[in-house]
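Shared between the two complexes below is chain A, which pairs with chain B and chain C, respectively.
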Partner chain A sequence: MLFWQILIDGFAISALYALGATGFTLIFGVSGVLNLSHGAIMVGAAVAAWAAASEFGVGPYTGALIGIIAGFILAFATYFIAVRPIQRSKVIAESEKEIFILTATLLWGIIIQEAIAYLFTNNAKTVLPIVDGVTTWFGVRTPKNEYFTAVVCWVAIGLLWFLVNRTRRGKAVMAASMNPRGVTLLGIELSSIYLTVWAIYGLLAGVAGILLGMFLGVSSYSVGPLTASAFSIVVLGGLGSVSGSLIAAYVVGYLETGTAYLISPAYRTIPALLLLVIVMYLRPQGLFGRR
Partner chain B sequence: MPKFVSSRLFWIGLVTVIVALVLPTYVSGYVLGLLTVAYYTAVFAMSWDLLFGFAGEVNFGPTFLIGVGAYTAGILDAHFSPGLSIWLCIAAGALAAVVGGVVLALPALRVSGPYFGLTTLVAVLMLQNFIVVAAGLTGGEIGLAVPDVISIDAKTNYWIALGFMLVSGAILFGLSRSAIGLILQASGQDKIQAGALGFNVTKHKLAAFVVSAFFSGLAGALMVFYMGTASVSTFVDVGVGVQIIIAAVLGGRRTVIGAAIGAIFLIGMGELLRPLGELATLIVSVIALVVILFFPDGFLGMIRGGAKA
Partner chain C sequence: MFSLKSLLLASCATALVSSAAWAADPIKIGVIAEAQAVAGSSIAPAAQLAAEEINAKGGVDGRKIEIVVYDNHSSSAESVRAFQRAVSEDKVNAVIASYISEVVLALEPWAGRLKTLMITPGAASDVITQNIAKNYDQLKYTFHGYLTSTSLAGLVCDAAKDLLVEPYKMKTAVIMSEDAAWTTPLDAGYEKCLPEIGLKVVDHIRMSPDTTDFTPIFNKIEGLKPDVMITGISHVGTQPTVQWKSQQVPIPMFGISSQATNSTFWKDTNGAVEGVFYNAVSGPGVAVTPKTLPFVEAYQKKFGNFPSYAGYTSYDDVYMIADAIHRAGGTDPDKMVEAMEATDYVGTIGRIAFKPKDDPNPHALRTGKGYITGLMLQWQSGKQVNVWPKELSAGTIAWPSFIKLKAASN
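Up next is the complex of A and B:
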């Protein structure tokens, strides 16, 4: 019984972690940007979906759509406000652009977070779920929404895989992540690749945010922890490796769920953090990273 | 900077120090209390700048070192209050931070870039978890009540904080302009080249870590005995670290002094805008973002009129 509970809960939460971290790792893989406003974008999309569905009464489907649009807008705003000006700056030394992008996206994330807190208060918000009801499998009562979350996450990740490996545009994106200069030699604009990537990112972060809002609820306080957990999963899996972050998401998700059920919810995050330290000590490039 | 004494920076610094010295005669205890906190934060930011600005490593974990210093001092005092002098507790706090700095630096220095950043971030999260789990010792989420304070007089506290900031600022600034600072700067810009010139990059970074840890821990311990309490949200939280990083970048990297200006500005602005409630942090963040995007050299860069660029 407990075994099945951990297996089911862990699977759903891990799928969510995987989806949340995928966009983050994609952006890093292609353009070398560590986007520290990641958590804020996810929460922003969730809050937009919540406000539309619950406050303005447009229902769960339209609400989710509005949330995804919000994710898009926030992702593009992040790119145009906090990332592109620094990438193109002639005043900032090349070696320092990383810390500037980190600081700028961090500040941008705080701005989104505070705007949410101001407009919608700090209270936790639960996005109206698309599927209702509870189902019992293996003697474990689980909300149907939990299965729905896992399925949507994997469909989204599958679509991303298809896009990157089977479409022309996706292949160009993949090529740009390996050799940006080579891609420009082939006559493809790097800036249009970046726009594509940020658009995909907006979609992934938006969907992940809304699902998170349905499954666990969000508030402006979730911003920092969400960014930190995506960052750790991505580093554990290896920066820039999408399959690495999927596996890492499952490792972290199951470690946390197992700890919460078997030991105590208070210790939930500790084993995952310890594992992260050990991996970084033995294998700094992460489990599946390339150096 | 060969003509340091004749530079504008020197005179601005001198005027600022004089204003700071005469201030207690004119302003209320409330303003002094605010500035006391701002001065300790300034030391946090200057210590961070020494490590990041010069060694080029993105340290997300300034609050790990501060927290170790603050909590060591606080716990010692809370458990052995009358028997152990405050100053011994503070010294122990600084020492513990140095030990913590070495423990953190050994694995952290093997990696670089984002990995270094994450190692230091994880250290903060672990410390935070430890404090919450070991609530019996640390006071947990509620916070640790410390029975002693340095002084209840606002002016005395102000003088101690000001003196401490000036002395540590002078030492950190001097260090940044010394041979060690130059080597750090060189290794931050081109690690391999600096190594090829025969400098032991890792050794110098470790030294920077130790110095940074010493001042962070000392400032943390002093601040505990100013506030009479230690809590995760004031000393360890990632948000506090973020504020320190923003302060240093906002003031101007690689200047040490800029970090202090940035910290005092952030605390002052935050308080000035407090009547606006939730909007205060929003406005401060917007200002900081605008400065970073349009004046990447920070406040000091603005004062110098972009002479560096």
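Up next is the complex of A and C:
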């Protein structure tokens, strides 16, 4: 029974990690931006969904939609406030732009975090679940919401795969991640590619935030750990590699769940962090890194 | 009809009279609290409300009370800086500080060094008062305006005996508490008093306050098949409560759940708190003393929500400080300490008196019959209903549908 328990819980949490990390890695892969406001955007989406339901009495579907829109808006705000001005700046040297963007997104994330704490306190909030109740499979009683989370995550990841591999716009995004200069030579505006990528990212981060809010709950304190966990999954998988992030999300998810059940919930994150250190030592480009 | 001139004259006269009424130096009380935390956010408004009421009745011996608020962002370092500023720059006469034990423990030596009376409206660690016992002359300026963890454990056990052991024949318990300064003495208290009331402790789970996924913890507890989970949670609250409901853990949650004391907790958890029991010193609709309900009403009217547990105590603390200054004949810190030690005051949470100098916990609140007895409330259909003690109860226990009462069904 413990085996099934770890298998089911690990699968759901890993799917959530995978979705959370996919947007993060996509942004880096295409535009080289390490977005340290990632956790704040996810929490912002979840808190918006919570506030819509609890303050205005909207149902779970409308709440989720409002949360996704909030994720979308926050992602665009991040791009236009923290990223684009630095990318276009003539004053900042090209070689320094990366660190400037890193700092700007970190500070922007802190601003969002403080605003959330100020407006909604730092108590954890939970998003109204779309599916309620529990179901028993293989002798394990699991909230239906956990299966729902896993299914939605994989549908979203599947749609992303379809978009990137089967649509013209998606192929242009893919091409830009491999050779940005080449894409501009083909007459495609790089800035419009960036907008597409940030739009996709906003959607992914919004959905991930809401699912997280339904499954585990979020607070302004979650901002840092969420960014850190997406960052470590992406580094483990290989910066910029979407498939690497997916696999790394499952490695981390199962390692954490296994540790929580077999050793203690208190040590949950330690083995995954140790693995990250070992991988960085032996293979600095990550498990599936291209660089 | 009044002319503009007469109106101006009248307002000038009023201003002169009121400034004459507050001719003496004001009494300044610093409030260092957590504006962004649910439990901490009631501390400053409640203190402000008490000060306004006292001022409306003429202040303390003709001196107005001024509340100076410092947001500590739940940080010990920021609290220490705020305390130093409060004393050296803003010249406060007393400080009301924080519901977090770690913060109060950091401030305690500063209250001694700067010889400034300090009272905590919500921290619970026994170490705060044990420190006073070890070094009375230096640390006598600190007072514990809330129950110590050991007292809290005792009150939870008293309630569990009457509500769970006797009527439902419960025999076993698992202690589930967060790893924090206040839970070390709480857990020790639980370990001691639970067996005394007939609840065998089958396991003791201490979890990190940054735990996000409680699924493995609940699965482990369920595997142990206890009759009840005895809780010690304050920094965490929403997540274990929501997961207890979504996973439909069939074991009742009973004990301390600080966040559940706040009226907003129903919304935070989307109603998952239904059926959770929590210990408190006061609660909505419970007339612990004749002062409780008028305070709640006034607070609700002024701020639009209900106070957290630290709001009740913070309100009482301002009155107690004012009373002590009146009896001490001024704001000399040593005389204020002596006057505070002699406090016998009926506040919103009960009759308040401090344990004496020679007690192992000097300056802790006296508890038990005749003093503070505490309450046990249960969330029922969006309302906090008091179910214990019997003489103050407003309803009976209502179990959520997924709770399975083993012993009672045998």
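Assorted remarks:
Going forward, the second predicted complex is superposed on the first by the 291 of 291 C-alpha atoms of A that agree within 3 Å, B and C clash if a C-alpha of one lies under 4 Å from a C-alpha of the other, contacts with A are read in each partner's own complex, and residues count from 1 in each chain.
Just so we're on the same page, a residue touches a chain if its C-beta (ideal position, glycine included) is under 8 Å from a C-beta of that chain, and two chains touch if they have at least 3 such contacts.
This one's a predicted model, so the numbers in the text were calculated from it and none came from an experiment.
After overlaying the two complexes on the shared chain, residue contacts for A:Asn179 are found with neither chain B nor chain C.
In the superposition on chain A, contact of A:Leu239 is made with chain B only, not with chain C.
In the superposition on chain A, contact of A:Phe231 is made with chain B only, not with chain C. Judged by the touch definition given at the top, the superposed model places A:Phe100 against chain B, while chain C stays out of reach.
Contacts of A:Leu276 after superposition: chain B is touched, whereas chain C is not reached.
With both structures placed on the common chain, the touch criterion links A:Ala117 to chain B and to chain C. In the superposition on chain A, A:Ala266 contacts both chain B and chain C.
Of the two partner chains, neither chain B nor chain C is touched by A:Ser192.
The residues of chain A shared by its contacts with chain B and with chain C are 117-118, 266.
Residues 52, 56, 58, 107, 110-111, 113-115, 117-119, 121-122, 125-126, 129, 132-133, 188-189, 238-239, 242, 245-246, 249, 253, 277-279, 281-282, 285-286, 288-289, 292-293, 296-297, 309 of chain B are the ones touching chain A in the complex.
Residue ranges of chain A in contact with chain C, taken from their complex: 5, 9, 13, 53-55, 117-118, 121-129, 132-134, 141-143, 145, 216-217, 219-222, 225, 257, 260-261, 265-266, 268.
In the complex of the two chains, the chain C residues touching chain A come out as 36-38, 41, 74, 179, 206-208, 210-217, 219-220, 236-239, 242-243, 246-248, 259, 264, 267-270, 272.
Of all the residues in chain A, the ones that touch chain B in their complex are 34, 81-82, 85-86, 89, 91-92, 95-96, 98-100, 102-104, 106-108, 110-111, 114-115, 117-118, 224, 228, 231-232, 235, 239, 266-267, 269-270, 273-274, 276-277, 280-281, 284-285.
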